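The chains carry the letters A, B, C and D, assigned in the order they are written, with residues numbered from 1 in each.
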């Protein structure tokens, strides 16, 4: 490894690997079966809470939090290695209380929350008792240009009144979901990057309407799901404002870097697992007089996958390390780069695996098709590739000219 | 056009285009809503039968059948143009009784069926009263090498006894499905290409077990669906054998060419429609101070899509024409080529559209994600790309050396 | 074939194929050796004139000219097939008097030349006695945007005075080169597309300075070569103007379509020959216990090459046919498309061949590296891909919205 | 940076960067002009020796040598950073006595040479007084499978008799070239990996025949050049054997790892410089109403280039570090990976720059076309991609199954 892990991270990594083998992989099908068996797909299968208890007992809990008081205090570089491992299983991140968007929301609360906000929302989130959503994207505008965001957050006496039409609020259908962070305009006349604010909206506030569920390539992603939420004249106390009016962009920027590292490392974990599936399947099937794994074209695909994975991982670790060393602002180019590189790579690797599995690859007998849909969606989250290419080019040109 | 359509095809094309505008596109959402509203997703929404009646009345019925007695007698080249148009809508092919696998099954019955077989199965299929499945692929072997197929069809007196474990039998969950064509080994000791036979199996025969439904990238494809079917000691009269023992490969070969043309033209139709979606969306959205449609990178994607579509279409039409002129055997290389070119192109074009739509592109607000899943599956149907590349190379090398 | 060749073209095709086998391929090395042996690389090896005599005797001469009086009167579709064949050998086009830029220049003279201009320049060109250049591109501006062109052509009494700095004037170093067609501004104040004119400039006019030779990827392309030419106060009679002042764009447009077909079909010819080289080489070499041609990865490359060649050829033939049927203006999109598709394909195919040849592939023992350099250059001729993608998108959007 | 440079490397890096700015870049055109001006292209332009003196005086000499006695003792990781910088200019590596194949030959002599061999050949090489070739590849076999190598080295009393037909012996046309390391079979009956040996052959030994020069994409690479060399009954003292009979493979393996790092880092240097050229050119040209650098499609290309460069560099540095930490054997997979990743990336980046430069990009007004030819050749050196993909897959499968 170009840079060694801290001894704490090294230790956690070994614990985590063991836990995955013993508790996570064998329970993936249990989770699926419980989900299928229960009447309502929007209930959490009991195995999840059982595994959370086990993980917490092992100290494998809130690993993502760089804050030493509330979390493990790991660097982005260290945590990235753990995050990849959790990414290998769709059920893993939540088991360790390390799933999006709760991670980002918890970070925001740790950094910018008042004592009261922390007590009310951060603590139960840290314990894994409740869940949260992050309401940013809007159906009516290209949200990759965040200045397009139209929601309104208006001050009215001691309250703010929120009117917003948001979608892709992940986790909104989870029965444990109790709080939303909503982004919207407090001042449409301020300069562009001071117009937006973020505010806490308890889910049981009148006017919060979970309008409909949004599937992803046919998947419902139960029991969390993604939702369109309408905030209709929702009134919350003025003290629910985060950091201050007009500082929404600032908060968004701050959560962006680590969030990207997490997303990308999980995608890398999925790619690694897809490659394992590919190799095993190719070793177990024959066509035209030899095992698939002995065919040159299959081997070329295995090798290309390894090539792409290694490069995307190194780039992501490099970005994580740069955030640690020089801060998120200095690492903007790297943070933009991994957003393109990691999902693109994951899509390639997973697609090769699907091809080797044939029809089984597009079914739900294996997690490949679901992984692919996740990686495809990740390519869009925070804006499509073109938005990030634009940012990279801008920074590159600025440096060169 | 390099080659003109026949006047009959030209006429049908215009009728079809009108019918699509007036009856098909406006009813796509009706179909979806009826499907969602009904208690059981495995019932056919009433709008389908209504539209079938209308299409039949217009003479837009069984267009695929090259046989002049039973169908329209169009050449593959002519029908290809119509097939592309139907491919634009997921509900269209069935409306015109031109959906797989019924088309292929009807062709087989027209060409090889006895009078009795025709009366019993072909006639109701031609009328659109019943539906059928084609059971070829097996879960336990790489079926892209058809010699791997393990199912057994054993003669026992006046009957054949079928033991088979098949999957990806499309349409098996449709309540109207009444007949299966099953491929299996009648003689494991014959030379390789004489071992397999095809036989008709009425769906209500004891031992036919629709084991489970198979989703595709999370989609259930209701009300048809794809199924794993176990044929457990299923006994059918000896007269259900198609063409004769050991002639399964021959039948498979015969249905392959036209079937590929159909699949590929439908994929081209989907790609065209995805490009329309892309252009319209790009024209309606702004980001970073200009419409998406006015951005160079978006225009480049539109142009690349046009480039790919045109080439894939020309190749497919060329293959269709070659089958018409020289027969399917002479066109083997072209038939293999389109199997790679058309879905690959469709995936690229649809993926670009998804990227422009952002999160809306992976949801079910637009048919893009579903189109993509279809095209991805088409890449696997009849074997993955590598199998077809292998065939193309073999023929190419044979010609050159 | 989707559309049959005319019987004349069919006949010429057979004659041409024979001539290539008997006279062209066996003399490629003779040409190379004569070129290497002579003191000055800018002299035409004698074998060229010998082969021209033979070709003319066979009637294989000026095949490109659609004009029935001066040429064969073939359609673009018909000639395209012949052009591909000639493209297979770097020495072939000139043997049949079908090489650029003389073909384009002859077409311009046939269509727009006065009787005097025809007598003086067209006739010796048609006989293959002299050669010509086309001076359009300029070193100081991005000439892919033709409105950037800065050269000046000023009227002064009975003469025009030309001041121009041109480069990539192909054929300028050929000792037989006697005439140039130069594009430049006659009226910088006219509307954009009426500013430019084309004028005939005899090469021996005072002020015509062949400044320097321009190599292409290290190749000198002797004995024709590409040159930077400075036209310094060059005075020619006013009667040398082509078609009329301000009509330079119109002429440029007119020669564009057929010229593109020629370039692209020649690139396709090169790709076909590269694939032949690849297959033969792969059949003659062993590594790791088997012939290269028996390896799956090599076969996949052969198949991918075939796939790309067929599609690019069909698209180019379709464009040629559309020019024939509907005129160059209606075929603008297709003409832009082939400019991208054909060289891109040729580069891929040739590159695969180079890879199979290993080090021999980049040397001059085989024509592959030279073919590649030609195809790479073709990607730039008339503007880089992005310019053509831009045009395709513009037309596509106009049609769709 | 994921891992810091040693302070020595950091210091050398700064010195080197200064030297490049002050002495190398400004003299590239001087070198070219001197080469063109001299009668014989196979003489070294005087500026080269002048710059070598300056570099040596600055201590920028033999940086590549990990041996502390003979060289700087830098790790592969440290040297990689310097190597990239030198790779930016085609004349740079020799200025610092760090050019292939002399670097590899010197390493072999340091590691395996006897005192006598060192005195005679290593010392003048280290001083930059003479130059050497490495004769491995053969024209008649696919040398990427090294067991194919056919040359014979036969013991005859106190001598070895060498009969070999080698090509792509780089540097053989340099007038200072005095020694060759030749690989050939000493024992065709030994087990596969013990058949080959390496032996020192002074260039003035009777029977050493530099048969012909081999151009690369039209470039002669004077004054070094690549040659086909026939060794006809060449007799050398038995003491010229390196390491011992049958140990040729062992030596080849040993020089492989660091050599790859060097090649790849130089390719990365070229890519970086090509990107600089691209950005500057795009900033200086206009088309269609705006600067190229302000167009989205150009920016996307800049960003994609940055993405590819970063990933290839990280992978190469990771491979270098792994060789340092765990030895070349443990790093085999990484060494194979960079051989694919670095030239592939460099070709992409350089090609994009060529496209932006248009016709200027394929000429010799800029080094882009020459860089491209170098990078294309590098893809073939040590075997085509498929050979390395094969190795990567083999190691990957071994680890996974």
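Operating definition for what follows: a residue touches a chain if its C-beta (ideal position, glycine included) is under 8 Å from a C-beta of that chain, and two chains touch if they have at least 3 such contacts.
The UniProt protein names, listed by chain, are A, B, C, D = Acyl-CoA dehydrogenase.
Everything numeric in this text was worked out from a predicted model, so none of it was measured.
Novice: Would you mind naming the chains that touch chain A (Acyl-CoA dehydrogenase) and likewise touch chain C (Acyl-CoA dehydrogenase)?
Specialist: Per touch definition, common to chain A (Acyl-CoA dehydrogenase) and chain C (Acyl-CoA dehydrogenase): B, D.
Novice: Can you tell me which chain lies farthest from chain A (Acyl-CoA dehydrogenase), using the average of the Cα atoms as each chain's centre?
Specialist: It is C.
Novice: Could you work out how far the Cα centre of chain B (Acyl-CoA dehydrogenase) sits from that of chain C (Acyl-CoA dehydrogenase), in whole Å?
Specialist: 43
Novice: Taking the mean of the C-alpha atoms as each chain's centre, how many Å separate chain C (Acyl-CoA dehydrogenase) from chain D (Acyl-CoA dehydrogenase)?
Specialist: Once rounded, the distance between the two centres reads 37 Å.
Novice: Calculate how many whole Å lie between the centre of chain B (Acyl-CoA dehydrogenase) and the centre of chain D (Acyl-CoA dehydrogenase), each centre taken as the average of the chain's C-alpha atoms.
Specialist: Each chain reduced to its C-alpha mean, chain B (Acyl-CoA dehydrogenase) and chain D (Acyl-CoA dehydrogenase) end up 53 Å apart.
Novice: Can you pull out the residues of chain D (Acyl-CoA dehydrogenase) that are in contact with at least two other chains?
Specialist: Within chain D (Acyl-CoA dehydrogenase), residues 295-297, 300, 386, 389-390 contact more than one other chain.
Novice: Provide the residue numbers of chain A (Acyl-CoA dehydrogenase) that touch chain B (Acyl-CoA dehydrogenase) in the complex, in ascending order.
Specialist: Touch list, chain A (Acyl-CoA dehydrogenase) to chain B (Acyl-CoA dehydrogenase): 137, 139, 141-145, 148, 167-168, 214-220, 285-288, 292, 295, 297-298, 354-356, 358-365, 369-370, 372-373, 376-377, 379-381, 383-387, 389-390.
Novice: Enumerate the contact residues on chain A (Acyl-CoA dehydrogenase) facing chain C (Acyl-CoA dehydrogenase) in the complex.
Specialist: 295-297, 300
Novice: Can you name the residues of chain D (Acyl-CoA dehydrogenase) that touch chain A (Acyl-CoA dehydrogenase) in the complex?
Specialist: Residue list for chain D (Acyl-CoA dehydrogenase) touching chain A (Acyl-CoA dehydrogenase): 2-3, 275-276, 279-280, 283, 293, 296, 299-300, 302-304, 306-307, 310-312, 314-315, 317-318, 321, 333-334, 337, 340-341, 386, 388-394, 396-397, 400-401.
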